[in-house]
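Letters A, B, C, D, E and F mark the chains as written, and numbering starts fresh at 1 in each.
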Amino acid sequence: MYFESVDALWHMAGHGPYVWSCYGLFIVLLAANVWHARSERKQALKQAQAFIRRNSNYQANTYVDAP
Amino acid sequence: MAQFNWRMPRWFHQMGSPKWFYNFGGLLQPWFTLAAFLLLTCGMVWGLAFAPADYQQGNSFRIMYVHVPAAILSQSVFLSMAIAGAIGLIWKMKIAFMVARSCIAIGATFTLIALVTGAIWGKPTWGAYWVWDARLTSTLVLLFLYAGVMALNQAISERQIAGKATAILAIVGTINIPIIKYSVEWWNTLHQSSSFSLTDKPTMPSEMYLPLLLTVLGSYFLFGLVVLTRTRAQILQTQNGASWLMQHKDISGAK
Amino acid sequence: MPFPSPAMKPLLCISDLACERDSRTLYQGLNINVEAGDLWHIKGRNGAGKTTFLRQLAGLHAVDEGEVQLLNNDTRMIYIGHKLGLKEQLTADENLTWLAGLDGLSTQKQRFMALEQVGLRGYEESVVAQLSAGQKRRVALARLHLCKADIWLLDEPFTSIDQQGIADEQEWLNKHTLAGGAVLMTSHQDITLAQVQVLDMGDYARQTCQYLANENGNIT
Amino acid sequence: MPFPSPAMKPLLCISDLACERDSRTLYQGLNINVEAGDLWHIKGRNGAGKTTFLRQLAGLHAVDEGEVQLLNNDTRMIYIGHKLGLKEQLTADENLTWLAGLDGLSTQKQRFMALEQVGLRGYEESVVAQLSAGQKRRVALARLHLCKADIWLLDEPFTSIDQQGIADEQEWLNKHTLAGGAVLMTSHQDITLAQVQVLDMGDYARQTCQYLANENGNIT
Amino acid sequence: MGFMLAIIRRDLLLVARQPAEMINPLVFFVLVVALFPLGVSPEASLLSQTAAGVIWVAAMLATLLSLELLFKLDHDDGSLEQLLLAPYPSWCLVLAKVFVHWLVSGLPLILISPLIAMMLFLPSDAVPTLMLSLLLGTPTLSLLGAIGAALVTGVRGGGMLLTLLILPLYVPVIIFGASSVAAAALGMPVDGYMALLGAMFVFALMITPWAAGAALKL
Amino acid sequence: MGFMLAIIRRDLLLVARQPAEMINPLVFFVLVVALFPLGVSPEASLLSQTAAGVIWVAAMLATLLSLELLFKLDHDDGSLEQLLLAPYPSWCLVLAKVFVHWLVSGLPLILISPLIAMMLFLPSDAVPTLMLSLLLGTPTLSLLGAIGAALVTGVRGGGMLLTLLILPLYVPVIIFGASSVAAAALGMPVDGYMALLGAMFVFALMITPWAAGAALKL
């Protein structure tokens, strides 16, 4: 490691707040993106399953094909 | 719309099929996840704790390992979006519009990260969060371009139309990006000889350079991962009722 | 008159047309040939897709599946939909001027005669904003007498029109089809002409369960 | 139901009403009493002034001559005109929520039942922009089942509605009038109910040649 | 109250359905401020001198432009008629709509103003004054603008007309708003300006509901 | 050609019927320029330094705002459909409408700009350059703006959205336009700027009909 101690790593000779906030932002925003994409997928899966359930007792002419 | 009828190779044709894309994307996704996670973690830990400090900027220079990938990706993603949009317009391929749509949020995020980390980096190095430097300004404009694409995509409720409109805007925006860049650079150097030139790259030793390579590559994989996930989710949303999908293990298995 | 004799001259071929809006199939497998002299009355309950169908024919809505083919490139269509395409600040005559200008020019005399035919004599110089709902629609319909188009696509042309007006309109339809033109129109009211052919959108609604329909996933 | 018995209870007195638009008199000397249980079918050719008349009753168009008097201050009116007053971005249910909120609150169950009555079951959560012309009008009409108003002012409520829908609508009109409400509506189609009273705007148009009509020179 | 709440709920729902509309005045504000250095000069000294005025003019333009739609959309789809037919005074309607307008267009401006101030090199001492003056000033702008918006309702292409009607009314707000910030940047007291901005707010609150309500009923 | 003439005639007639629409961008331009000294400072030195940028930003805003209605009104009343159905390519339509737009909103700006320049104490040597740069720049603004206007056609509350879409594209025009005037004020040569503005005009003329035409057909 470049730094002598964890404390020095945290402090970075006064530049700590800048560096750590940048890394934090990078991780948080990108993780949020990945998380959001996954939740979208989960939602879509649920929707598709609901579609199957709705159509399992489907009758040819009475079905209202609503979105 | 231009209606070319170019003969497409078979793989290209396949790519337009939702089924193929969904399945192939499903195969790729775990590998992308792994690659993104490993590369980014290694790169960032290396950059934070192991790379030597810059002799001039000290430790603040470690911001580079997140700033530069974000800045590079912000432009690549916009370009990818425009290319996907153009493919969609020319070959009437719905998957391409979905891919373009998936690019928007992640691209805007990278741009935002580049801006904010750049601004934060500016404080210790330049003494100000913001100056009207050429590169900064053109990144800001790029963020606005993303915001426009996002707003347009949201404002049109019908998917197909939203996809085409977004594609046109992305293409026009891409043509404009070099013009904006050039004009801004030229504008700034006329009025004020910038004391903070970003252009001359310090000749870096490899232990400073390698972590950067890792984070840049990792960011590309992360981008791919998000696009895959989002596009596949959109396929699920729009293919309600397609038999291949209803019998797919993702749906029937998860039930 | 566009055609010398009202023989069975095909104008428009609609083959296997389907329409999907927001991943809901409205109709599919729609095959009809529109021939000179045809008068198609498109029926169907609210939301069946009549408007969408007419817009597909006019080229205002994308055709993703199936084909709409004009057999002759010179065939001209007129589409008059729910929105009339009139400028409210302009007078009836000025509106007809620019609308007619899209296909060719018109003389003032022609325009006045067209307005007279739709019962708007004396309103030529009235600003459209100051006309009633029915009068506005009449201005839009006046264009039918001015531009010589072969195919008329009319979306609920009887809306807001009074009884006398509807009778007159049917007379125009009659004349146009007898002269070798074709008409496709929607209406929830009945048409009393003999040559009417009914196209019921209900017949083309998706009948079977969705996920049985398509093997290779190209549903859209 | 607003009234216990459909006795001849007067709701609205229209006395000597006249209307002039752009110095052209549309109608004058219009006197009618609207009583509980009345169903007025306002007829007239295009441009006769039916819409203007309804808007005067609703208070949306100034009454310069004559009087429109509500006999009971609690009497509530609903006006549904050519413009439906729906927000396109909102769903059918959300639109009904705010429309009903103007008079009082509504529960979701009530709203869903109202939508079912107008044949929009399954469309509760559809955005209005994605409905067809007739479906939009049905959403607006659903309000009639939700807000308890005494007088319904309906401007061409059959527009864009399919045949089955028109029959249903007449059933509602019937029920409302039998329960002691009143309806004033325009339409160019016929109403098949027994209690219909016809108000022909043509009867109130300025009948004689303009410059003979008026003694004291107010030709306008 | 229930009536006003119904309107507020509906309008917020509309915004939520189309968040672009919410973020747009904000983006316009940021864009104008960002273009200004491009047009004029990137020099810090010049920018910090003009910052107060530029921010206030940009805030005013952003408010003004979003005002156009205040009643227009409701008029076009006929829902304004329905709102006016409801058995409540029209000033309730005006107040409810202005409130939502400010919430959506004014408040975000205030929240982002420190960032903008930084980009234009406004001295950081002046930032609290900037925010306070915007807090007092933007509701006044929304209120006064509502009068114009009500007057041009139903007029085609009313956006520009609105600008003409309203800009003269905005002049005092701009002058005091910008002066207060400039004074703060020079370290001078700003109480007087704030009192004036507050007085104008109260004044606007008193006349607007009446005037705009009457204009809507025309 | 006949088709384009028909559109041009109609649109000019519409403007003639409602002259407010014609005078409006102009008034907006004048008002923004007039408000700027009120907000910033009435000092001649500061104003003359910033004049070029302020005039260009104001001209851009005026153009931008009037662009909103370029296709929107036609879309709302259904006449856009009829225009698109006519047997002519849609780029004819775009060019005709942009031409009228520039005639009505751009040209008056150019004509009044000497007056505005005087009010902001722009050195009089720079006035010809100002007018020439506006002459080359405003058509570019109209053209590029048409792309945005076509994209937001049919979107509710599209005005703000348009701003967001188009402002980034306007950045180069503003920079070169304002810089040319600033250079002229300092007595420097401006040929290079004019060549760039001209090149951008040609470029916009090439992509706009395609992009806007395609967007209208969606």
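In this section, contacts are C-beta pairs under 8 Å (C-beta built on N, C-alpha and C of every residue); 3 or more make two chains touch, one makes a residue touch a chain.
Everything numeric here is computed off the predicted structure, so don't read it as measured data.
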Applying the touch definition from the top, give me the chains sitting in contact with each of subunit E and subunit F. B
Smallest number of touch links from subunit B to reach subunit E? 1
Could you let me know which interface, A-B or B-C, is made of more C-beta pairs in contact? A-B
Return the chain whose centre of C-alpha atoms lies at maximal distance from the corresponding centre of subunit B. D
What is the distance in Å between the mean C-alpha positions of subunit A and subunit C? 49
Distance between the CA centroids of subunit C and subunit F (whole Å) is 38
How many angstrom lie between the centres of subunit B and subunit D, each centre taken as the mean Cα position? 56
Residues of subunit B that touch at least two other chains are 141, 144, 147, 151, 155, 184, 187, 237, 240-241, 245-246
For subunit E, give me the residues that contact two or more of the other chains. 18, 20, 24, 27, 31, 38, 41, 76, 156
What parts of subunit D, by residue number, touch at least two of the other chains? 82, 88-89, 130
Parts of subunit A lying in touch with subunit B, wherever the complex brings them together: 1-3, 9, 12-13, 15-16, 18-19, 21-23, 25-27, 29-30, 32-34, 36-38, 40-41, 43-45, 47-49, 51-52, 55
Touching residues on subunit F, where the partner in the complex is subunit E: 18, 20-21, 24-25, 27-28, 31-32, 35-36, 38-41, 46, 49-50, 52-54, 56-57, 60-61, 65-66, 68-69, 73, 76, 156-157, 159-161, 163-164, 167, 170-171, 174-175, 178, 182
If we count contacts the way the header does, which residues on subunit C are in touch with subunit F in the complex? 58-60, 76-77, 79, 81-90, 94, 97-99, 101-103, 105
Over in the complex, which subunit B residues touch subunit D? Could you list them? 157
Counting only contacts in the complex, subunit B reaches subunit E at residues 128-133, 137, 140-141, 144, 147, 151, 154-155, 184, 187-188, 191-192
